[in-house]
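Heads up, there are several structures right after this.
Consider the two complexes below, in which chain A is the common component and chain B and chain C are the respective partners.
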Partner chain A sequence: MIKSKIRKYHAAVWDEPLVMDLSQPGRRGAFAPAIEDEITDSVGDPSALVPTALKRKVAPELPELSEFEVQRHYLHLSQQTLGMMGISLFGTCTMKYNPRLNERLVYQPFVAKMHPHQDPETMQGILEIVYSFDEILRDLSGLDKFVFQAGGGADAAYTMATLTRAYHAARGELAQRTEIITTVQAHPCNPATAAAAGFKVITLPLEKDGYPSLEALKSVLSNRTAALMVNNPDDIGIYNPQIKEWVKAVKEVGGLCFYDHANFNGVMTRIRAADLGFDACMYMLHKTFGGTKGGGGPAVGAFGCRKELVPYLAGPTVEKNSDGTYFLKEEGPKSVGRVREFFGNVPVVIRAYSWTRAMGIDGLRDAANISVLANNYMEKRLLAIKGVTKGLPELTKRRLEMTRYSLGELTAETGVTTVDVQNRMTDYGVDAFWLSHEPWFIPEPFTPEAGELWSIEDIDYWIDVLEVVCEEARKDPEFVKNAPYNQVVHKQGSTNLDDPKNWATTYRAYKRKHASKK
Partner chain B sequence: MSAKDKTLPQPHPFMANSAPASYRELLRVAEVKEIDEVFEQIPTDHLFKGKWKVPRGIKSEAQLSKHLTSILRKNISAEDYTSFLGAGCWNHYVPAICDEMVTRTEFSTPVWGTPSSDHGRNQVWFEFCSQLGELVGMEFVGLPLYSYGTAAGHALRMAARINGRKKILIPASLDPERAKVIRTYAGFKELNGFLDVVTVKFDKKTGRLDLADLKAKLDKEVCAVYFENPNYLGALESEAAEISKLAHSVGAEVVVGVDPISLGIIAPASQYGADIIVGTTQPLGVHMNAGGGVGGFIATRDEERYAKEYPTLQVSLTGTTVPGEMAFGLTLFHQSSYGSRENGKDWTGNSVYLWAVANATYMSLMGPEGFVDVGNSIIARARYAAERINKLKGVKVLWRDGFFKEFVVNFDKTGKSVKKINKKLLKHEIFGGKDLSDEFPELGESALYCVTEVHTLEEIDALVDALKEVTA
Partner chain C sequence: MKHRPIRIGFIINPIAGMGGAVGLHGTDAGIHLEAARRGASQISTQRAAMTLSFLFNSREWLQASSETLFITPEGQMGGDLLQSMIDPTQIQLIPLKNDSTTAADTKEIAQSLFEHGVDLILFAGGDGTARDIFEVIDEKIPLLGIPAGVKMRSGVFGLHPARVGEVLQRIIVTSSRIENALPTQDAEILDLDENSSDYSSSQFFGVAKTPYAPDLLQRSKSASGDSGASALDELALHYAKAMKPKRLYIFGPGGSTNRILKSLGLSLSPKGVHAIMDGHCIGEDIGEAEIAELVARNSECELIVGVIGGQGYLFGRGNQQLSSGVIEAIGWSHIYVLASAEKLLELMPTELHMDFHQPLRNPPPSFLQVHTSSSRTVVCRLIYQVASPSTSTLARN
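And now, the complex of A and B:
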C-alpha cells in the first residue's frame, strides 16, 4: 500500500553538447604564469629546450573555451547526474552522508598541498590522523596493524593475494600452495585478484543454508591451500554461523584467512575479525566509514592483519616514536613491497577518521542497529508488493543490513525486467538499486541497502516508487520497458557496444567510425 | 520499549532514524521487540563482549572541526614553504574550477546509477578519455586506474596476454616506488602469469636509457619494453623512436609512461612507436594530497588486439532510443572482473574516477594553447633553476640538457649529505629535492629537484641563495 505522496520530478535537461563541440577558435580558459624576463634572458626561447626529435608538431584537438564556459559546462553535467540528490539505496555500497566539514578541511593546503616525501617533522598532523585511525580500526577488528595504501576494496583484496604470496614464499611453500578458496557469493574482486596474483581459484557454491557447507570447504582443503577469501555476511544478508570452524579448518592445513568486510555496516561493534580467527581483513573507508565515493574513488581499502603478518605488509607504514611523534617506516625484506605508490588516499583516511570520531563507539553501535532494523522494516513492506519475492525465502532468520530480492515473478507476468524497473524508478528521482554481482543465482535480482542515513520517509518513498512501477508494469509493460521519460536522456539505444565497429571511447574514434551520423 | 532502554539510539545528525519516534516505527513495522532479535543469525559466541577503546561520538561539528584543525595545523604545506619535491607527485597549479567540480555533491558522493541518471557524469568521463586521447595521440582510452605505477603494471600484463611472452624490460632509472609496484604486478615465478623483470642500464653521461645495454638484452623472449618520457631522473628520452624500433624488431610491445602536462610541447608517444601509453593524471588539476592525489591511465590504438585486453571499465559514446540523442554506455564490460570474476582481465573496482572530473575540467580550461603555455613555463623555469644551481660551488646538475621539470643535483663536492642539506633548507622554509642517495647510490649525494609553473623567479633565486648558504 502506497504511503507517500508521489512528487513531481524531472531531471535537469541541458542537452549539453560535448565540450569538444563547444570549442571556438582562439578562446582561452587558462594561462600559465608568464615567464619572467630574467628567466627568458637566461634560457632563451623555451621551445628550443625540447630535443628536436621530441618536439610536438601537431596540436591536440582540445576545446578552446573561456573560463566561464568551462565552468558552466561542467556545472550542467553535475546537474545532469542524479546520485545522492534523490534517494539512492545502492546495496553493497552503503550510501552515507559525507559531511561537508570534511570537504572543507581536506581541500585546505594543510592536506591538499602536502607531499608524501616531505620531512616527517613537517607532516605530523597527517601522520597523527593516519596512525590514530589505524588504532581505531585495530580496536574495531581486534587485529594489530592497518595500512591504507590500497586504493579501494579490490586493491585491498589484491593486497591480501600478494601478502599470501610473500608469506608462503618466505616459508618455502609457494610452489606447493597455489590455491585460493572463495565462495560464489564473495565479491568478484576476491577471485579476480587472487587469479591476477597467480593463484588457482576454487569457488564454493551455495548450499541449502545459504552458504557453502563446512564439508564442501574441507573437501577442497589440502597442502595446496594458500588462503581463504570470504565476505560475511554476504550481500544477500546471510551470515555464515560456521565461520569460526571454516577459519580453523583452513588454518589447520596452513592457509591464511582473509575477511572481506565490505558488509561491515550491519555488524559494527558486534563482531571482530580477530575474534573469529581471521588473519587479515579489509574495511572500505569510502563506504562504511563515511568517505566520499566520488563515483568510484579515490577510495581506500584499509587492510589490517595480525602481528605475525605485519612484516609482510606493503610499506611504508605510519609508526609512533616513544616521544609521541610519528614517522613513516620503510618496509622490511619480507614485505610485499608496494601495491600502489605512497601511503594511501590520505584525504579519504581523514574523512573516515572524522566520520568515526563524529559517530563514536555509541554512534557506530546505533548505526549498525538502525541499518539492520531498517532492512527488516523494508522487508516487511517490500514483500507486500505483488511481484516482489525474497531471495532464498526458505531461510527465515532475519537478514542483516541487506536482503536480495527477486522481480522474477513480475518478469514472468509482464516481461518487465529488473533493469527496466531500475530505469523507470529514476523517473521518480530514485537512483538505481544494486542488482547482484556475477553470477546471478537469484532471477531478476535487486538489492537495496537502507543503512543508517535514510529516513523512514525516504525508505517509504523508495518502496512506494517500486510499488508504483510494478503496477505500471502490469498495466502497460511496454511503457516501463521503454523508460525513462523524466531523465536527462532516454533509454540507451540497442547498438552493440562490444562490436569494434561501434565502440568509441574517445570522440576522435567516434567521428572516424560514425562520420555519416555527425 | 521503556524510556530507559539502553538500546534506544541517541539522536545523531548523520542518522534520521536515530530519532526515538522514527526508530520505534521501524521496530513496530518490522515486528521487533528487542534489537538483538535482528541479529539472530550471529551465534552468541561470535559477539564481542569486551570494552572498546574508541571514544563516544563528537556530535558538535564546531567541536569536531576544532579537534581536526588542531591536528592538521601541525602540517607544513607547499603553501607554507617552497617545495621542490616531485618524484611521482608534483606541485602543479590546480585551477579553482577543478576544485569546484570535484567538491560538487553530485560528483563527489554517488556511486553508480543508470545510463540516463548518470548521463552527466558519464559525459565527463567520456570527455576525460577523449581529451586525454588527444594529448597522447591514441583513440582508445580506458577509465582511470589507481596510479601511474599500477597503470604500468596492468599495461605490461596486457602486453603479456597479447604476445604470450614473459620477459619485460624496465629502465634502471625507473622510480624505485613505481618499480616496486611493477614487480608486484609481475608476480612470483612459482605461480601463474609470472613476468620476468629485467632492468636496462641508463647512461650515466646523459641520464637516458643505455641503448647498447637495451640491444644486448633484447631477444625474441622479450614481451615488452617499458620506458618513460620524461624518465624518473628527469631526462627526456630523445632516442625514443630508436628504442621503439629496437623493441619492435624482436616483436616486443612498446609501453611508454608519460607526463600529460608536458604534452603541449613534447611529442605524443604514439608518434615515436608506443603501442600502449600509460601515465599519471595527477598533474591535470589534482592536488598532491600527501600522495593521495595520484591516478593513472592506459591508452592505445583503437584495435581489438588491445581493446580486448583492457582491465578497466570503458565508456563509449552511443545513442538513445530517440534519434539524434547522445548517450553513454559501457563497452567490453564482460571482460572486466565484475563481468567474469577470475576469468576477467586482471581486476578492476573503485578507482580514482572523481579525479577524472578534475582532469577533464583541467584539459578543457587549458585547451591546446594552454598546454603549450604551461609546458613552456615549466621547462624555462626548470632550466633557469638548474643553470643557477649548477653554478654553485661544489654543486653539479648531472644532466643539464634535455629535461622537462625535474633534474638531478649532485652535492658530492660540497662534502655534505642531501639529508643534511635538506634539513638545513627547512630553516629557510624550503623543501629540497627528493633524496636519491639511498635509491641510486651510484649517483652519490644527489637529489631530484622539481620546478614547475608555480615557482616564481624569486622563489628559485631564494632556493639558490639558501643552497649556497647551506652547502658552504
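And now, the complex of A and C:
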C-alpha cells in the first residue's frame, strides 16, 4: 500500500554541448596583466625561462570561453547528475552522508597541500591521524596492524592475495599451495584477485542454510590450500554461525583466512575478525566509515592482519617512536611491496577517523542496530508488493543489513525486467538501485540497503516508487520498458554501448571514433 | 555496403502448450486431441503474437524493417499471424500441401526454411517442437524459441515472449551493421520421455546454435553477459595441451566435452561417447561393453564429462553408456567434469545427479569439483539415486 504522496519530478535537461563545441577562438576567462618593466629588468624575458625542451611546438587544443560560460557549463552538468540528490538505497555500498565538517577538514592546506615526499617531521599531525585510526581498527577487529595503501575493497583483497603468495613463498610452500577457496556469494573481487595473483580458485556453492556447508569446505581442503577468502554475512544477509569451525579447518591444513568485511555495517562492534580466528580482514573506509565514495574512487580498503603477517604487509607503514613522534617505515625484505603508491588516500582516512571519533563506540553499535532494523522494516513492505519476492525465500533466518530480492515474477508476468524497473524508478527522482553482484543466481535481482542514514519517510518513499512502477508494469509493460522519460537522457536503444568502437573517454578519441558527427 | 535483408524463418506449432493447462506433460503424438477434449485452447499463437508485437512496435523495427524478411508457412503455422501484423511485402509464404500440424509437418517446414537460406529460425512451441526442428537443422542455423509449450528445458528458449522480441530487436539492428553471421552460443536440446512415469527423465538430443543473448535467454544470466563459453574454450585448449601420451581418455557426450575434441582437431558427434589416445580417436560412439573393455586394457585412464543442463545430470541422462561399472572401474579421482559457470548457476541448488541401472558398489564422494575454466572450479554436491527411477527415493551422501 502506497504511503507517501508521490511527487512530480523532472530532471534538468540542458542538452549541454561538449565544452569543446562551446569554444570560440580568442575568447578568454581571464587576462594576465602585461609584464611590468621591473620584472623584465630583473629576469629578462619570462617566457625564455621555460627550457626549450619543455616548450610545446603546437599549442594544446583547449576550449576558449569566458569565465561566466565556464561556470554556466559546469553548473548545467552538475544539475544533470542524480547522485545523492534523490534517495539512494544502493545496496552493498552502504550509502552514507559525508558530513560537511569532514569535507572542510580535508580541504585545509595541511591536507590538501601535503605531499607524501615531505619530511615526516613536517606531517606529524597527518601521521598521528593515520596511526590513531590504525589503533581504532585494531580495536574493532582484534588484529594487530592496519595499512591504508589499497585504493578500495578489491585492492585490499588483492593485498591479501599477494600477501598469501609472499607468506607461502617465504615458507617454501608456494609451489604446492596453489588453491584459494571462496564462496559463490563472496564479493567477486575475491576470486578475481586470487586469480590475478596466480592462484586456482575453488568456489563453494550456496546450500540449504544460505551459505555453503562446512562439509563442502572440508571436501576441498588439502595441502594445496593457500587461503580462504569470505564475506560473512554476504549480500544474502545471513550470518554463517559455523565460521569459527571454517577458519579452524582451513588453518589445520596450513591455509590463511581472510575476512572480507564489505558487509560490516550490520555487525559493527558485534564481532571481531581475530576473535573468529581470521588472519586478516578488510574494511571499506569509503562505505562503512563515512568516507566519500563514487565513480571508482577516491576510496580506501583498510587491510589489517595478525602480527605474524605484519612483515609481509605492503609498505610504507606509519609507526610511532617511543618519544611519541611518528615516522614512515619502508617495507622490509618479506613485504609484498606496494599495491599502490605511498601510505594511503589520506583525505579518506581523515574523513573515516573524524566520522568514527564522532560516532564513538556506542554510535557504531547504534548504527549497526539501525541498519538491521531498517532492513527488516523494508523487507516487510517490499514483500507486500505484487511481483517482488525475497531471494532464496525458503531460508527463514532473518537477514541482517541487506539481502537480494527478485523481480522474476514481475518479469514472467509482464516481460518488464529489473533493469527496466530501475530505469523507470529514476523518473521519480530516486537513484537507480543496485542489481546484484555477480553471479546472478537470483532471477532479475535487486539489492537495496537502508543502512542507518535513511529516514523512515525516505525508505517508505523509495518503496512506494517501486510499488507504483510494478503497477505500471502490469498496466502497460511497453511504457515501463521504454523509460526513463523524466531523466536527462532517455532510453538508449538496444544499440551499441558496449562496443569499444563507440567508447570515447577523451576528446581526441571522440573525434577519431565519431568523425562523421563532427 | 548494402546487405541482403536478414531472413527470419518462422514456425508456430499451433498445438504446442495445449496439454499444460489440462494436466498433460506435453502435447506430442496425438495428445492434443485428448487436450482439446479436456478443453485446452491454442496458446502458442497468442504467445507468438506477444513476441511479434513487441518487435513490431519498437524503434528498432522502424529503423530496420526494410532489411528484414520473414519466411513462413501459409496458414496457422505462421502465415496467418504475420499477415495480420505486417506488410505482405515483408513476408514470403511457403505453400503447404495440407493443413495438418504434426511433427512431420514441422520437420518438412524446417527443411524448406533451410533450403530458403534463412539466417535464423524463430519458432513458437515447446521442447518437442525444438527437437523436431533440431533433427532437421542440427547446428546449421541458429534457433530461437518463443516459450509456448508445456516444457521448455532446452537452451534455445527466451524467458518470456517479450524477451524473445528483445533478442529479435538486437538481431535486426546488428545484422544491418555486421557483415558476418549472427553471434551465437551453444544450447542443449532436451526433452522428456513422454512415456516414462518419471517426470525427471530429461533426454539429451544434442547441441543447437542460438543467438548470443545470455541475459535474455536463460534465467540466471547477468546483463554484463559473462562469457562462460570463452572460459570453456580456454579450458579446452589447456586440457588438450596437457593430455598425456599413451593415456586413455574417454569423452562423454555434450557440447562442453566436444570443445576439447575440437581443440584436438577431432570432429566427432557431441551425442556419442568417444575414446581418444595420443590425439587419435580409437573408439567412436562406443557403447558400455566397448568402454569397459578399453578401460580394462588401459591402466591409465581419464573420463571427461559435462553436465546436462536444466536438471544437472552427471550420469544416467543421455550418457547411459557410462554405467556404474565403468565409473567405478575408472575411479572417481580420474573423472574430470566441466561445465560453464552459467550452467551450474542455473542449478539451484548446485547439485549433480546420477541415475544408474545397476547400483554403485561403493558410495560415491559427497562432492565433486566441476571445472569452469582451466583455473576455476565450483564444488557440487553429488546426489545419488540408489533405487530404480520408479521408487524415486533420493539418497543424500
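Operating definition for what follows: the second predicted complex is superposed on the first by the 458 of 518 C-alpha atoms of A that agree within 3 Å, B and C clash if a C-alpha of one lies under 4 Å from a C-alpha of the other, contacts with A are read in each partner's own complex, and residues count from 1 in each chain.
What we mean here is this: a contact is a pair of C-beta atoms (placed from the backbone, for glycine too) under 8 Å apart; a residue touches a chain by one contact, two chains touch by 3 or more.
Since the structure is predicted, the reported quantities are computational estimates derived from the model, not experimental observations.
In the overlay built on the shared chain, the residue A:438 is in contact with chain B and with chain C.
Of the two partner chains, chain B is the only one that A:377 touches; chain C does not reach it.
Legend: residue contacts after superposition of the two complexes on their common chain; A:501 is shown touching neither chain B nor chain C.
Shared-chain residue A:357: touches chain B; no touch with chain C. Of the two partner chains, chain B and chain C are each touched by A:201.
Look at A:39: by the touch rule set out above, it reaches chain B but stays clear of chain C. When chain B and chain C are set side by side, the one touching more residues of chain A is B. In the overlay built on the shared chain, the residue A:307 is in contact with neither chain B nor chain C. In the superposed pair of complexes, A:477 makes contact with chain C only, with no contact to chain B.
Contact with neither chain B nor chain C is seen for A:8 once the two complexes are overlaid on the shared chain.
Under the contact criterion defined above, the residues of chain A that touch both chain B in one complex and chain C in the other are 191, 195, 199-201, 203, 438, 493-495. Every residue of chain A that touches chain C in the complex is listed here, in rising order: 184, 191, 195, 199-208, 212, 215-216, 219-220, 408, 411-412, 414-415, 417, 419, 435-436, 438-441, 443, 477-478, 481, 493-496.
Per the touch definition, chain C reaches chain A in the complex via residues 50, 54, 57, 59-60, 159-163, 165-166, 169-170, 173, 177, 219-224, 226, 341-342, 344-345, 348-350, 365-367, 369, 375-381.
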